[in-house]
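What follows is a set of structures to go through.
Two complexes are shown next, each including chain A; its partner changes from chain B in the first to chain C in the second.
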Partner chain A sequence: MKRLKKENLAPFLEEMNNKRTVYCPQSVDEKDIILAPLGKGKITDEACKTSISFKSMLFPQKEEINNFSKDGVEKILDTGKTAVFGVRACDFRSMEFVDAFMARNEMKDPFYFAKRNNILVMTLACNCPVSETCFCTDTGKAPFLEKGFDLQFFDAGSFYIVESQSREGDKVLESDYFTGSDSKDGETLSKIKDNSMKAEMQAPGFAKAVEWLKGNEPEPEFWDDLATACIACGGCSFVCPTCTCSNIFDSPSNGGFMRFRTWDTCMYEGFSRETSGHNPRGSLGSRLARRYLHKIKDDPENYGVSGCVGCGRCSDACPVGLGMIEIIKQINRI
Partner chain B sequence: MTNSIDEFEDASVFMVIGSNTTSNHPLISSRIINAVRQRGAKLILCDPRCIDLAPLSSIHIRHKIGSDVALINGFMNIILNKNLEDKTFIEERTENFEKMAEVVEKYTPDYVSGITGVEPELLVKAAELYASTKRSMIVYAMGITQHIAGTDNVKSCANLAMLTGNIGTPSSGVNPLRGQNNVQGACDMGGLPNVYSGYQPAADLFVRNKFEKLWGVDKLPEKKGLTVIEMGHEIEKGNIKALYIMGENPFISDPDAKHMHRALKKLELLIVQDIFPTPTSEFAHVILPAACFAERDGTYTNTERRVQLSHQALPPLKGTLPDWKIICEISKRAGFPMDYNDPSEIMDEINITTPSYAGITYERLEQGWGIPWPCPSKEHPGTKFLHKDKFTRGRGLFHVIEYIPPAELPDAEYPFTLTTGRIRPHFHTGTMTRRTAILDREAPSPFLDINPEDAKSLRVRTGDKIIVESRRGSLKLSVNVTSDVPKGVVFSTFHFKEKNINELTLCAVDPVAGIPEYKNCAVSIRRS
Partner chain C sequence: MEPEVQQKNKTDLVFQPQLARIERILPQISGHRLFQLKLINEEAAEQFSHLCGQFIELTVIGVGEAPISISSPPSRPGTIEICVRKAGVVTSALFKLHPGDQVAIRGPFGNGFPLDELKGKDVMLIAGGLGLAPLRSLLLSILDDRASFKDLVLMYGSRNPNDILFKYELLGMMNRTDIKYFFSVDSDDEGIWKQYVGVVTGLFERIEVNPETTFCALCGPPIMYRFVIQELKKKKIPMDQIFVSLERMMKCGVGKCGHCTIGKYYCCTDGPVFRYSDILDIKEAV
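After this line comes the complex of A and B, so read on.
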């Protein structure tokens, strides 16, 4: 366990930036906090919710994956060293989910893992909910991590208490910016953790809904009613840190062509349409059912991890109030 | 829009007429959806088709295409007979009420039912609901304007709002939803045949003198210019020899495409300025490649009249220039040097020439999220909703409007009514959206919506090919059988260049605005 003075956060990240490209939440105007490489705006030193999670670093909205030229096919693997600071516990858990998904059937997605194997993740625990739509504790998880991380920062006022759980993390803590911890830091840490668990946040009744869904499913009419509100924008998927659906397309490039992978969403009609024109998810209601049920019913069964980490971004983004919080509440009303 | 978008939050009744809001203005639609689902606001939907808003409507009126004037006159007849009109508002704020009321007398529920095909009881319910609050909003789009009676339809909406005093206060008004991100701005800047910026009439000597002085030129033309459709006719007659098109694809978007084809081919000089090649640019002698929105600075004026600043995010592609620079270069070569260093200097000139934009400066736009006009001075905060206390012309004028039928009604030879519009994944002629892999996947090919009963009598199923034919042309299309369209009506879109639905539409136009009747033409259908 070590300490880092908050005033030393920026110099520390700058120092690290010499070895790895460092991303962190930065405010670019009064409203928006974005995750970007250092230097885009003012570094946010408190836990905060970026509008898009750091999933976009590992699985970008649009990426080049293959270059087809007369010399053959080149697989484009981005193996640049990166680091990210300020990842919250919920977002870290989403990465664990995406890891499992991208390695399913023992077939590892090369484009994802090229980036994943070269990223150093520095998480920052939340002392209290960072937005009105946070509900990680309701999903049965804590606003901090118990295991699996390299480095976890805790906000202790004027300084961070920093834990390492890996050799990579230990190496980082060798930097001169970190100082030894105080004998009281352990106690402070327990207090921060206790308080963060007690902090009031959204409590739609996640566990109750998940339990009910084990033996039941809402009737199609339930989803059809929600579909009268849904405008099928796909925003819920694009901001979701565990959504991994993608599309592939080719575009002419230097006499050959480039193959791109982009985000996609199961909320779109064409996503599940078959070549014959038949669509097993033809109605918007059935697509809503698929999206939400697979997160909280199928994913836990298939991957042993919940497809929802309680970040609340879908509830932030949805223009018609159909995020996970609202869906859980509605299911619990059945 | 007379209102601002945020005012949707407090409206009690929405009358959506001729707007497929969820498809074409999804975020504005989300305001209506939330109002209905979350706080019990009421929706009167007047649309022949079952659009996405239909399940949320309290009343869905599926009137015959092109019968809007009769429908609204019918509402007014009911409101007057039930004494639901706002007498104080009529007295204090309007004129010509009696003459309007006299004509409306004829439009009894039974009479209107005969024209529109709507049950009289439903008409009464809708009229009563609209008149029941002072927070009723009319929302319309191209379903109102793209008719030969388009101007009449708009005036009818204004009549109805004035009759019930539903205008000039928060959350009550008449709200045309603009179909493009800056079509409001283009019109505001005088992109019309008869006005200078800020709708200052070119026929007005005082206005012409003002612009002559400001621009240092002699004798600005006093004659009204031509509308797009008129230009097509004049090219065919040989009166126009050169055409300069910017950011428009009339070969696909204009009615009667064969006519447009002849016209474009006849031109001695066609210049097309756009960000991508289009079917129209294939006719061009000169193509001027323009920079796209992300490659330039500028402002956009959205549907609520809000002028918003947009900054360049990327350098323009090699060989392209922002539109304003292209225009300046052309002007310089034509002998009238326009020297602006950047768009903010153009805005400085707009501030001087255009009273409604006088106080909208780049400096102010940098500070916030835009300013809605009218904004007459640098101290003025902008205007949330129009016509508070006073209309632009003083008193609001009730127009006397009689119903006229559409130009081309179905008959024995062409028994179906074709109506056209847009669907969610695509924008207009698809020159941008059809280049985007996922959007094109969402709607990869053209189709014709047809009612199940009609499909049955034609013996076609979804996916079958049919020939749809009008007096102007014919197309082979896949059918999509759906009760979203009423019996006798078929629907298609103008997104697909490979099957251009505008080969079938007709050039009949509204006599005032010149807008073509895209929403109604007669067609026949047979199995392919």
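After this line comes the complex of A and C, so read on.
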């Protein structure tokens, strides 16, 4: 366990930036907080929810995947070293979920793991909910991590208490910006953790809904009803840290062709439409069911972990008041 | 977390298109052609092996990619045969290519039919239209190892007598006594058809099956599945002895892009062949 003074956060990240491209939440124009490479704005030193999670570092909105040239076809692997600071526990869990997904069936996604194997993740625990739509505790998890991380920072006022759980993390803590911990830090840490668990959060009734879904499923009419509000904008998927649906397309480039992969969403009508016109999910209700149900029903069955980490971004983004919190509340009313 | 070592082989091929040459193009019925492909890299060509019912992701270079079933059987390696319908952007571009031109392929992907499980059993193949493409691979596999299987039945429904795929190949097998054929056409405007006119389900009146030993493989247009399965139920064939090959919109073919999901399954990796008893309860499946 070590300490880092908050005033040393920026210089520490700058120092790291010499070795890796460092991303962290920054406020731009005193208004939006975005996750960006250092230098975009003012570093946010408290836990906060960036509108897009750091999934965009590992699974970008648009990426080049294959280069078709005269010499053949090449895979494009981005192995640049990166680091990210300020990742909350829920977003870290979303990465663990995506890790499992991207490695399914012994077929590891090469583009994802090229980046994943070269990222250093520094998480920052939440002392209290950072927005009204946070509900991680309702999913049965804590606003901090127990295991699996390299470095976890806790906000202790004017300084951070920092835990390492890996060799990579230990190496980072060798930087002169970190100082030894106080004998009381262990106690402070327990207090922070206790308080964060007691903090009041949204409680849509996640566990109850998940339990009910094990043997039941809402009728199609349930979804058709909700779909009368949905405008199929796809926002809920794009902002979701565990959503990984993608499109693939080819485009001319440098005398050859480039294959791109981009984010896609199962909320769009054309997502599952075949050339014949047959569409197994032609109705918006069936797509809404897919988007929300697989996270909390199929994913736990397939991967043993929930596909929803309770970040609340879909609830923030939805322009018509749907999103996971509302969906869970509605399921619990059946 | 410790960095992971990149896994070789399977992972390396996931998103790695390999160049292939079009060796021959054999016209089929109108709008359909059979393409014979050969991987250009000799080592890759030698290593390429597939199961019947698997598919490839075919790239027409500069245009895009589409999933296409492998029509040739694993028992005849070397050349990859695909039967393609001109349907949209990629397939139309493919129809503009000539023998000698290059394409790229990824795969083979998907699970395929459980050939070993069918051994020693009566096998019934039921195809509608282009659904014969993957089933031809299974049909030829069985014929190439005929002694390992018991009775073999092929039921094949087409729109009209001019729409029968692999017509000459099928005609060439007509005098074999170790396979029973039943053909249907939906309509016969020219009045040239001597066999059954009507939908493929009408053929079931003509056959006797032993439900205990009969295994079915089926592939066709979406509408066909429910009706055929009803007939199979009437024949008392257990639901876990029916295999359906399903089509879905696919982009990656390797379980990443999400386009092909059927309930909790991914059609590209868990399918395209499903044991019907596994998907019974999934409303959107068939």
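Rule of thumb we're sticking to: the second predicted complex is superposed on the first by the 334 of 334 C-alpha atoms of A that agree within 3 Å, B and C clash if a C-alpha of one lies under 4 Å from a C-alpha of the other, contacts with A are read in each partner's own complex, and residues count from 1 in each chain.
Criterion: a residue touches a chain if its C-beta (ideal position, glycine included) is under 8 Å from a C-beta of that chain, and two chains touch if they have at least 3 such contacts.
Remember, predicted model here, so these are calculated numbers, not experimental data.
> Could you tell me if A:K214 is touching chain B, chain C, both of them or neither one (first, second, both, neither)?
neither
> Per the contact definition in the header, classify A:I231: touching chain B only (first), chain C only (second), both, or neither.
The answer is first: A:I231 touches chain B but not chain C.
> When the two structures are laid over each other on chain A, which of chain B and chain C touches more residues of chain A?
Of chain B and chain C, more residues of chain A lie in contact with C.
> Taking the superposition as given, does A:K198 touch the first partner, chain B, the second, chain C, both, or neither?
In the superposition, A:K198 touches no partner, neither chain B nor chain C.
> Look at A:E301 in the shared chain and tell me whether it touches chain B only, chain C only, both, or neither; answer first, second, both or neither.
So A:E301 only meets chain C here.
> Counting only touches as set out at the top, which of chain B and chain C does A:K70 meet: first, second, both, neither?
Once the two structures are laid over each other on A, A:K70 reaches no partner at all.
> Is A:K147 contacted by the first partner chain B, the second partner chain C, both or neither?
In the superposed model, A:K147 contacts neither chain B nor chain C.
> Which partner chains sit in contact with A:P252 here, chain B, chain C, both or neither? Use first/second/both/neither.
second
> First (chain B), second (chain C), both or neither: which does A:D264 touch?
Touch status of A:D264: both partners.
> Using the superposition described at the top, list the residues of chain A that contact chain B and also contact chain C.
Residues 247, 249, 264 of chain A touch both chain B and chain C.
> State the interface residues of chain A toward chain C in the complex, per the touch definition above.
65-66, 68, 72-73, 75, 102, 104-111, 113-114, 116-118, 121, 148-150, 166-168, 220, 244-250, 252, 257, 264, 266, 271-276, 278, 280-281, 286, 290, 294, 297-298, 301-302
> Would you tell me which residues of chain A are touching chain B in their complex?
228-229, 231-233, 247, 249, 260, 262, 264, 268-270, 277, 319-321
> For the complex, give me every residue of chain C touching chain A.
1-4, 6-7, 10-12, 14-19, 59, 61-65, 87-88, 91, 104, 221-222, 247-249, 251-252, 254-264, 269, 283-284
> Residues of chain B touching chain A in their complex?
22, 26-27, 29-30, 33-34, 37-38, 52, 55-56, 424, 437-438, 441-444, 462-463
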